[in-house]
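After this come two complexes, each holding subunit A, first together with subunit B and then together with subunit C.
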Partner chain A sequence: MLKKMVLIPVLLIALGQTGVASTNITGQAEAAAKDNSLTVMEILRKVDEAEAVSSSRGIMRQTITTTSGAKRIMEMETYSRDGTDKQLMRYTKPARVKGEAILMLKDGDEIWYFSPRTDRVRKLASHAKKKKVMGSDFSYEDMGGGGMARKYNGKLLDFVREGKKKCYHLELVPTPEGPSYSKIEIWVGRDDFIIRRVDYWDKGKKPYKRLIVSDVKKIENRWTPMKYYMKNLKEGSETWMEVKEISFDVDLPVSLFSERNLKRR
Partner chain B sequence: MQKMKPKIFFFLPLVLLLPLGPPVSALDWSGYYEGQVTGYDFPNLHSMQLSSRLRLDFAAKLGPNASLTADVVAMAYTGLTEISLLDFLPPKRARELEMLFGPGAREIFAFPFEDSLVMDNAFISLYSGPFTIRLGRQQMPWGTGYTWNPTDVFNTKSLLEPSYEKPGVDALKAEWGFGEANGLTLVLVPGATWPDSTRSGRGKIHLGVFDISTSVIYQVYETVAPLAGTSSRESRLILGGDFAGQVMEWGVWAEAAWFRGPQEKETWQVVAGIDTTFEFQTSLMLEYFRDSAGEAESRDYTLSEWLQLAYGGRKTLGRDYGMLMVSHPLTALLTGTLMTVFNLNDSSTILAPSVAYNFSDNLDITLCGNIFIGPNEESEYGGMYGNGGYLRIKGYF
Partner chain C sequence: MFKKIYTKFVDFSVAKPWYVIGAALLVTLFFAWQASTLKLAMTWMDMMPQDEPVVVEYQRLVELFGTADMIIGVVEASSEERATALTRQTAEELSKLKKWVKRVDYTIDTEFIRKHGLMLAKAKELKRLRRILKDPNLLPWITALNDDFEREYIEDAGNLQKEESRAAMQIHALGVLADTLGRLADGKPVSPENVATVVDRLTLGEEHYLSTDRKMALLMVQPTFTSNEFDKATLGTLDMQEIVDRINAENKDAHVGLTGMNVVIKDETVTAQEDSMMITLGALIVITLLFILIFRMWSAPLLAMLILVVGIIWDYGLAGMLIGKLSMFSAMSALILIGLGVDYLMHFLNTYFEARVEGREARDAIMTVYHKSGRAIVLGAFTTSVAFFTMLLTDFPAMMEFGATVGLGILSCLGVTLFILPSILVLRDQRLQKKAARQGKTVKPYSGEFKFLNAMAFPAYTYPRITIITVIVITGLMLGGVKQLGFDQNLLNIEAKGLESVELYDVMEERFNMSADGLIFTAESLEEAESKMHQLDELSTVGGVESIALYLPAQSSQAERRPLVKDIRSRVASRSFQGIPESAELAEQIRRLSDNIIEMGQLGYISGLTKLIDHCDLLTGLDSEGKQTGPNRVLQAASAVSGTSRNVLNDFSKSFFSRMKANILSMANPEEIKLEDIRPDIRERFISPDGKLFAVQVYSRKNVYKHMDDTSFIEDVHSIEPGATGMPAFMRRLITIVGEKGRLALGLALVIIFLLLWINFRNLGYTLLALLPMVLAYIFMFGTMGWINMPLTIVSVMMLPLILGIGIDDGIHLIHRYRIEGPGSQPRVVLSTGKAIFLTTATTMLGFGSLIFAKYQGFGQMGWVSVFGIGWAFLISIILIPAILKLMER
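The block that comes next holds the complex of A and B.
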């Protein structure tokens, strides 16, 4: 059975791959938040709605800290269109990976990888989504996204604070279309429906990976998380993803998200 | 061991172009240095070699729809700087050569490692909507196979390092791309005349989760007849196809080609592969390759076929091959890989275990062993290749 990508909307936002919270947080979202009778599916739909954005373009900085304390820093340009349907990442630093690019289509269900030194584009099968991206604690499926309501079922555990934020605390299990994780727990802001934290579970009794979102700023009238911290709780490594630049609703041609464009340098 | 001659005249146009071209700020340059110490353990020879490879890459925008891409690759060798084919052939075949050519056979079939300065890429790209034209020396990837590419007439792959960058091909390439991953590619590798030119076309469609292609190639190539000491140009028609996609989360691909060569001789090759990544991050890849022109048993390998293998006239000696590669990230910075290639006809094998360490943002260190195993000296990988290994340090800038 073909499994689809897990969704981490907050990361997608950071990558410029999805929109962020509604531009009008005092509108429908806030009204809904006051109603604690929302079902899990309604909350997930609100999350999906909060992410909706036509297109985005950004620059991301990724800092990996290994268990031995060694750091590796990379930068990439990111582009998205039609929500999370079309995504493109092109590495710009360091020289070792400069020019390498990843094209993800259909919410990350299809991936192509481009190596500039061999000028070869390779199509990656969906199992590659489990792989760590450039040695980081983010996997390809963490980079994908789209359709929380479609890819998860679950239950509302409680109402809690994550940091200073009042959140819904949900436990979600992937549907057959969902990701490879056995389950995730998410903490969703009750007024803006931005995910503040994600715990990832494999088959063990404890979460093995945790994502923390911080530094949420209003950019172009959208609440945009600027920092993402992923901690591998088993191995001890950690990765920061920081948004250096981000623009929404930019004019990006469909042809940008094509295999032939990967080779155009 | 391809003999490379310094080709500094390829470098000159680039040097001349720089002051006349775009402003320096528009010129993007990068590169790497790759130093490698290789140890060889032949039955009659224990030797070492240090090779240095320096590559400088240049790229410049020549306008909104045009760009220049070029590189210069300098190679230098110390230590073992020449080998003789006789050291690699099964003793029986080496004796045959010595009988044919006398005491000078060792020199006649010597392969030198010469310092060189070459360009693997020097091309201009023009874009207009879905159309791209590339003119000049360029990389020419073709087909979906990993270790073997039946439809690829442009490149020779290293069995143990198939994804390493290749020498460039002097060609005119036109591409028309449409949709997400559909397209048509036409390539002309000019010869002295139109009939003496290699022409190829490849059509590709993206269907479901599969990329599917068909290729038609008219190849003009040079064949070497080492025993006669002559070379000649021949041509052949190649019809091929390939696909890459996934089934049940497993990556699957295949590539096949039918060849109609001189004297109407018809042969075919096919490769099929699968790969996956397990939850514990270990990756597994398997490939099977069949060449209808290959021999079913090692005793059928002729001296002529061994020489064709050495001179690039054929990719393999046998008929059926398997490749297995297992890779696992031991830490965030250290990856262990075991690659094996099996000749399924003569039961000989190459084992290539390696570890790759990312020492810093721009520095990789690789330690790799090459172990050849076979039931007898006549088998393809069981003879005289010599076990060995290398330490490679590669720094990017």
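The block that comes next holds the complex of A and C.
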């Protein structure tokens, strides 16, 4: 298996359950693009295929705007290996949060947090998966594993445009091993199988969170979204994630994703 | 027919001017009497349709609970002690105002919490508390607290966001504990009383409503009036303000401010009154100067005042007879009439003096006005009044009253101009003739010329195609601006800048995470009140919820909580003092506490939780960039514990244990809380007199008036209780209705005006041409505002009908005069009618323009809208209409 199902860790944030990621343009996506007869499962598999990368390293800028309008801009280094199995985020800016790191192992089932100020590494409880990551509008499970076809069932609602992009519009309900949302709606590009938008639902009558993916660029022969915008529709807070640098298929040692390495400043 | 009657009337006015004036005086006195019967309905709620659910419900709640609009006192001082002392003083002094003040709340009933605290906590919270309070000994308690911080906050940044205030309060209380422990380093024992104070703070919480920086405290005044009672609200809040001002004068190191809708309305009224004087003076000065410049007529201001005052009296008299009340909207009719009423006078006088200069006697000059401008004046007035009368079709009382009052006002001003002005002009002429005869001179009427108007218009009608193309290009540019035009829904942006009551809304949002105003509804049972209170409390848009259930949980809840409370009680009761804790172990847990507080501060920083960061940083000695600039007081406490003597630590631990155990046992009282256990003032505030209904008050997390475009708070509350009402709900509904009905009224007005003009001109080309300046004036005005990023507001939209009226008048006058004078008459039309239009534009524009300098920002916005709208209407009329007429001649 040369290419495993790997989320680009950098984009873990947006990518996780929604499967938004770069896509290999040499893949089968384009061939299927014009085929409107795909089943939901086939579309989800193609999304999973489109996300498949072996490893990645990148730099991202995160801007959080809270409900009160306060802004926090941060930068982080991100690493991934073995698909969604190993992901590491390390804050680099501003000075106040420099060195804070999050390590997610086993598809995000195991989460470790390191704070250089206290020099403590803490393993977060499993229920933390549903919680917000460091005050952003993304949850750990948003950043967690991909495997859309494994984690969701659903139906095709229609063929629509999201922005200027022709998309499949799907309604998906998590399988038992899926995330905690009651359902999601996704808009998948019909020619590249990149997810352009996700609406997240809890038990309410309206979606409570929305992810918009934009600025899709060809990087190292892959279509890669460069901007992710998550809006909490209930609370009014929002988080931008922008890819500043990204490289794929890099050689990353397993030891990088260890609890001990977290303490590396 | 009309000509015949008017000719006879003019002849009569010339022959018996005093008869006409006498008759006008009688009519005016009659209307003044009718106007005196007008009922003032000057509150926002008066403008709402009275059958709107939010209004019906609000009025019902006012009857049940006295008032729904609290006045909030905000006390800021250099320290917590000063802030709380001044809060007490302010509350006591305000309470003496029995006429206006029903009750002042400024403390939380900590004794009640001591007696029943745990029965007030939700079952979920009790489970959490069971873990924290399982052992009142110092070391196990700190250990359990550390576990709780890590589980509830560090692993869940979202929870930390939700519970920021609670977490900040805990951090503050821990600061008090840390400082007390820090004193152990001196080797001196801490008195049991001091330890008791620390433990009370940790278990019972705050006594006052304090901001997280502890320098600001709140007090809530329940007035005897509602914001719906305009006069009482104004007088009552003025009296309260007087007391607050005196307290401020006596306490230079602190400041007390009042806020809440009642206070804002009072401030609004005072500012608007000051500003109204300004516009009146501004308009008068401008009119005086222009009349003197153009007509050499020193009595002009008096004449203008006379026409306006009589016109407004007639208007209010008719309104008294037909409508019966004057709302905040319809009171604005006076302002609009100042803009439009003088215009009829200007057009009349302009043609009159031109005729006099040409050698006609007064009577003939008046008839010349009739021939040359009369029809345009009447048509202009009728179309404008019709524009306003169409508001009667909107089914929205405030707009219907406003439309009817302004429409009647325009017709009144027209009537005064047509029927009283001739007699006054005749009398003036007779007086001047007599004076001139005494001096052996002759009267030389004067009417200045504005040649620059022709200089402006000449190129336009000489090269009509270029002019039209240029206007089309500019229109395209302006349409680009129109796209960018926004609507500012921050209602506080219409208030005067620097108003304390308005600024305090922001302070409340920033320092207390809540708005000074909120929504209210009633529940039919205690269970319902409690259940909805808890549902609302979960909403991120909600800053606070209050109901009797805070003090008196439903029996079912008490039953659910009782076993948990008993469990906590029995666990704690079985605990005994475990002796001196191992100092190394205690120090380790205190260091862990320091780590937790630092990490919570870090999470707070990333999440933008400024209050939490401030508390954490203050305690751990970090600056805003996270650098260690001061001592970490928690670590100091850890060192003190490590270094202190066993005896001192023993005394401290013992005192801590006994007070903590006593407090928990007292709070873990499983007995049922009954209605009679609740303070009477709290019962009165939340329970209806018959005891059947329970009020629930909900406060927004954000300043509701600043974020009117964000309806999430109202929607969220309505999703749980659709009947929730209150000032934010009215204002939201009002904006929606004004938007919907305003568009409907504008559409109807355009259709009716179009039909009227078509009937008058009997020519589609002229009809469309007459409408053109008005339509383009709107586009250019909105475009200009869009380009300079000046959004419309709920107040400035009030000026839009004025632009409609003036825009149409300008077009009608020019086209009408052109049709009388004939083809090729553009220079004459521009010079004569153009002058009148210029004068009406200048008076209105400068008069309203003076509002730009008003303190009340809403007036300033009206000033800008009128300057842009009226200015563009004039320029477009004077340049475009002659050019198009030229093209039509070809």
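Structural remarks
Methods note: the second predicted complex is superposed on the first by the 239 of 265 C-alpha atoms of A that agree within 3 Å, B and C clash if a C-alpha of one lies under 4 Å from a C-alpha of the other, contacts with A are read in each partner's own complex, and residues count from 1 in each chain.
Throughout what follows, a contact is a pair of C-beta atoms (placed from the backbone, for glycine too) under 8 Å apart; a residue touches a chain by one contact, two chains touch by 3 or more.
Being a predicted model, the structure only gives us computed values, none of them experimental.
Put subunit B and subunit C next to each other and count what each touches on subunit A; the higher total goes to B. When the two structures are aligned on the shared chain, A:S180 is found in touch with subunit B, with no touch to subunit C. Residue contacts after overlaying the shared chain place A:P94 against subunit B and subunit C alike. Judged by the touch definition given at the top, the superposed model places A:W201 against neither subunit B nor subunit C.
Of the two partner chains placed around the shared chain by superposition, subunit B and subunit C are both touched by A:R117.
In the superposition on chain A, A:V133 makes contact with subunit C only, not with subunit B.
Shared-chain residue A:I64: touches subunit B and subunit C both.
Once the two complexes are overlaid on the shared chain, A:K234 sits against subunit C while remaining clear of subunit B. With both structures placed on the common chain, the touch criterion links A:R264 to subunit B but leaves subunit C unconnected.
According to the touch criterion, the shared surface of subunit A, contacted by subunit B in one complex and subunit C in the other, consists of residues 64, 66-68, 70, 72, 74, 94-96, 115, 117-118, 120, 122, 124-125, 127-128, 131-132, 135-136, 235. Contacts from subunit A toward subunit C in the complex involve residues 64-68, 70-72, 74, 94-97, 100, 113, 115, 117-118, 120, 122, 124-125, 127-128, 131-136, 234-236.
Subunit B makes touch with subunit A in their complex at residues 30-32, 59, 67, 69, 125, 127, 129-130, 132, 138-141, 144, 163-166, 175, 177, 179-181, 183, 209, 211, 244-246, 248-252, 275-279, 281, 283, 329, 331-333, 358, 361-364, 396-397. Interface residues of subunit A, counted against subunit B in their complex, comprise 1-3, 64, 66-68, 70, 72-74, 94-96, 98, 105, 109-110, 112, 115, 117-128, 130-132, 135-136, 180, 202, 235, 237, 255, 257-261, 263-265.
Touching subunit A in their complex are the following residues of subunit C: 150-151, 154-159, 161, 509-510, 513, 539-541, 594-595, 598-599, 602-610, 624-627, 701-702, 710, 712, 716.
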